[in-house]
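Paired with subunit B in one complex and with subunit C in the other, subunit A is shared by the two complexes that follow.
What follows is the complex of A and B.
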């Protein structure tokens, strides 16, 4: 029974030591600190602590590191099977990118039913959640319940419920254009501020997102980019700030070519003088010349 | 795959020739049309060859060719064929079509308008005469004008000659080229690489080579040398203006008159004149440049550019001139002040506008500072900007806003991956893919595959998209030719459909003007029909003229 007592004291010693160093201790330094305690007892104590999940084990390079888990965690895992724990750890490693069940199966070397069972258990305890990815709508990935899905999964600010929200983008675009028109000159920050204050959306948009919007507006030919010189009309902005103003020449809305039915005709290349599609019998011409 | 591509290349560009053929058919009839069709699609041909291909009898064929040559649509040239054995070398005459000039025929209204605005109605009437008849001597022109105005020749001769010399000095009129130049020696044999460059290109090269051989020397081209009837002629030494910077600036007469050959030319009364299309195109090109700057930058800059172009025009040698002659600030000031818009402009204002046009992102004007500060107009860049503007408009109308955005993005960034395009253009990934593949199919975009592995596995390959600009221009131009041809066909069809009512209308007008003709009235429905066909014809004709502006932008400028 002396052995049992030794194990008990070793448990206390180890817990104290790990408590003192929150970054964890390697096998070596733990052995050194334990010093007098006999190796067998220490090993037994560690095994017991690991099975009770009062100590976690990590690998750092070639060395093994022991660590105390965060306080509340030990309770969460009560009653989970080792399989569940394995799956949990794999999911934890995937962090906010999530992991697919097939990949879990491969990394854990468990069978499909076991993985499924583990996921069911973990979901029931609200430890993990399923998230749909925009890249592949039918593919569910799992991640820890408290994590926010990464931008790659949700698509960022411009996606609502995994759907590309062009309506939302249009509204935001209008708002930005209007502000630039009103102000004459504006930087991304001022635009972002103004739109935020207008309270048009509850969505948290970063300055980066606004920049993206403005870049798109430049491509649409609605605004122009210009760089502040810091003087004259630019005096309100520090030099070398990228500013936006409404474009002097917008994209041409009409073209002599596209005003003719042929200019936008989808079957122009199949059109021949006396063919089935012919300018003589063309229905587009009919409509064009009717009004 | 390779063959297919080759065929596509020859397909592209054929609609321009087709349009040229249709223009000739409409204006000169089927027979002449057949001849030009042969020349357009088969390249240069000799008379026997033409006879064989067209199966027209030789007299008629000769007449057809005469019409075409008279109207500057065909150029003859002599080729020396090596003699066989002891026979002396044989000289054959071949003919080549001038597609450019044929296409110009649909622009005559524009040319007339331009010359009227520039030099008035008398000048317009002279140009009209030349356009109508192709080539005329001054005497014939005077006869024509006299017949039209019901005046005697002597009454109008003086002022007509005056106007004529103004037109020549402005380079609107030129001497006709040599009728049958000897074909210049062929360029060195083509390498295999250049031969794959699509046949139409070689045809075009041939055409330019022969035309260059036929064209009179630059010095003779606008040499007026009116026969010595009017006493004023001797004073008009400015007539020989070729490179005069400003009309009226005296040139050294002696140098020219002492030249025996030139003298002979001056004295010859049989000089044939024709309209110099190049000059008209040059002026229309300048107008397009000014319009572009006006809308892109600001109206004032447009006016300044116009004045600069006016000042440098005489030194342009090529229709597709890339850079203007350099101008000093003083010269620009002077030129601008001479225009109605520029009279009130301050030095500062002009300087500002120049700076704007010189800006790096614009680049319409280049500032040189060696050895003195001078400004050069980058005509090519302005035309390029105009083309791009038009192109973006067309893509916007044809494929919608998102596609246009992607197109502009790729133009700006060079090449990008699908994911990047989707991110920057804010278009959903799946939609981006659809749009990109649509543009790829139309050959507007190219897809570059960069594989990281030797097996070219898609998962290990980067796919880059980029704009295939020359190809786009070629395709759009061809589509425009096709559209122009279609509008023309539709117009002909509409007129043919309403032939009956148009005949009635003609009779109706006839009965009104002459008393002998039987009275004709139109029913209500016929009135409606006439109204309809008039409207339809107006729409079609106006659209064709506007479309031609675009064709010029992509083809002639």
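What follows is the complex of A and C.
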């Protein structure tokens, strides 16, 4: 039929034009380049090519742009139903956060059996994979097979296999403390470099992670935080860098204040000479003076 | 697990799927499944069983005593796996294969009946309004369950959600229960799970999930809106 021939030639013409412009052609340019004879079949041709996935359609601002997909992509999606593609696109949009099946159903408006089938197809082709989120271990979350799950899902550096790895953290803390004691004075970056070089772990930890470790150690009382002035003992570090040194002021277990009853008295502020609570009637002193 | 169709259950299931309780919404499931696995099910079953055995090997003392019985026995393992598979059926958006046997607890039927009747008090009133005072929702439910699964031959298990990060204990859920009636002889498991959601906590997005369009109007009935 004449119409079919028109569509056929339009298909070929469009494919040639798009091959020639790897960055894509806008609707306008495509129409201009197509001769008037081919324009008739153009709309049908484009629809056919889109459904065969030999052409991709994008929106740039207000214009529609057509592009040839990269060579391997057409093969990737061959034989997938529109439902499968819809689910794939939704998963693609979620990028490395992944998407929960319930949200998938909501966005695609597909029913449970359809979504389940699409997921099965996509998984069979290794296009998507299931991931576990530490936020809710039981939810079924999927993402593109080639992506690495984000830190929010895996829990970041301190989680191994969805479990909080306190052993690992303790080992890392030890390393940091030892380095600080050896150096006397160190900044987060120098600590990070040294511990990385020691090769104690293959895990990639960023400076942010080391800062977390150092904050823990400060609160534990094992190291002290200080700021560099750029001069004197701090000359190795630029001014205003946060530095760490081993804890120098250790609080002693007992002191003069804690030895006498008044130092630890719970009602100290109510104690007056002639009041209900007074040194004369103090029960704590009675006990204390009994030796 | 194959879904088993029983008319009395289907009727109750349809009713319980959304019940408007005024300022809250009940969502329930009453479904029966056959444990006689075939094909894909058998594969899942074996995988799960292997996982349980592996974890048993790594920490034997932890898992030897569990609510479903000692995990070293294959019957207890079977029970646990059937429970997990049933959970997966009732809640298809979740995968409960990571569950620990301690998430389930064996219950005595009388206390379960008491509990359920208590929870469903409000719902029973709504049912009575619709179907007349003579019909008691709880009686209908227990009769139907007995017909399908013969309660006296059953072991009843309750799913205890973890205290945090679980949709069952999410904000907005006023109460929930998940009971599983397992009849070993009949190789059948019946799931009776209900959740009561507060309407105030449901925002527009999740409203679409919970109700279809006609139900949305029904949803607002009974709420004071001025």
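In this text, the second predicted complex is superposed on the first by the 201 of 291 C-alpha atoms of A that agree within 3 Å, B and C clash if a C-alpha of one lies under 4 Å from a C-alpha of the other, contacts with A are read in each partner's own complex, and residues count from 1 in each chain.
Going forward, a contact is a pair of C-beta atoms (placed from the backbone, for glycine too) under 8 Å apart; a residue touches a chain by one contact, two chains touch by 3 or more.
None of the values given here were measured: they were computed from a predicted structure.
Asker: Contact-wise, after the overlay, does A:106 reach subunit B, subunit C, both or neither (first, second, both, neither)?
Answerer: second
Asker: Which holds for A:213: it touches subunit B only (first), subunit C only (second), both, or neither?
Answerer: After superposition on chain A, A:213 lies in contact with subunit B alone.
Asker: Have a look at where A:140 lands relative to subunit B and subunit C in the superposition and call it first, second, both or neither.
Answerer: After superposing on A, A:140 lies in contact with subunit C but is clear of subunit B.
Asker: With both structures superposed, pick whichever of subunit B and subunit C touches the larger number of subunit A residues.
Answerer: Here the partner covering more residues of subunit A is B.
Asker: Quick check for you: in the superposed arrangement, does A:83 touch first (subunit B), second (subunit C), both or neither?
Answerer: neither
Asker: Looking at A:132 after the superposition, I want to know if it touches subunit B, subunit C, both of them or none. Which is it: first, second, both, neither?
Answerer: After superposing on A, A:132 lies in contact with subunit C but is clear of subunit B.
Asker: Scan A:116 for contacts with subunit B and subunit C and give back first, second, both or neither.
Answerer: A:116 contacts subunit C only, not subunit B.
Asker: Find the residues of subunit A that appear in the contact set with subunit B and again in the contact set with subunit C.
Answerer: 135
Asker: Give every residue of subunit A touching subunit B within the complex, in rising order.
Answerer: That would be residues 134-135, 158, 164, 166, 169, 212-213, 215-216, 219-221, 248-249, 251-260, 262-264, 268, 271, 273, 278-280, 282, 285, 288-289 of subunit A.
Asker: Quick check: in the complex, which residue numbers of subunit B touch subunit A?
Answerer: 295-298, 389-390, 392-394, 396-398, 401, 404-405, 408-409, 412, 423-426, 428-429, 431, 476, 479-480, 482-483, 486-487, 489-490, 493-494, 535-536, 539-540, 543, 546-547, 549-550
Asker: Can you list the subunit A residues touching subunit C in their complex?
Answerer: Residues in contact with subunit C: 100-102, 105-106, 112, 116, 130, 132, 135-140.
Asker: Looking at the complex, which residues from subunit C come into contact with subunit A?
Answerer: 92-96, 98-99, 165-167, 205, 208-209
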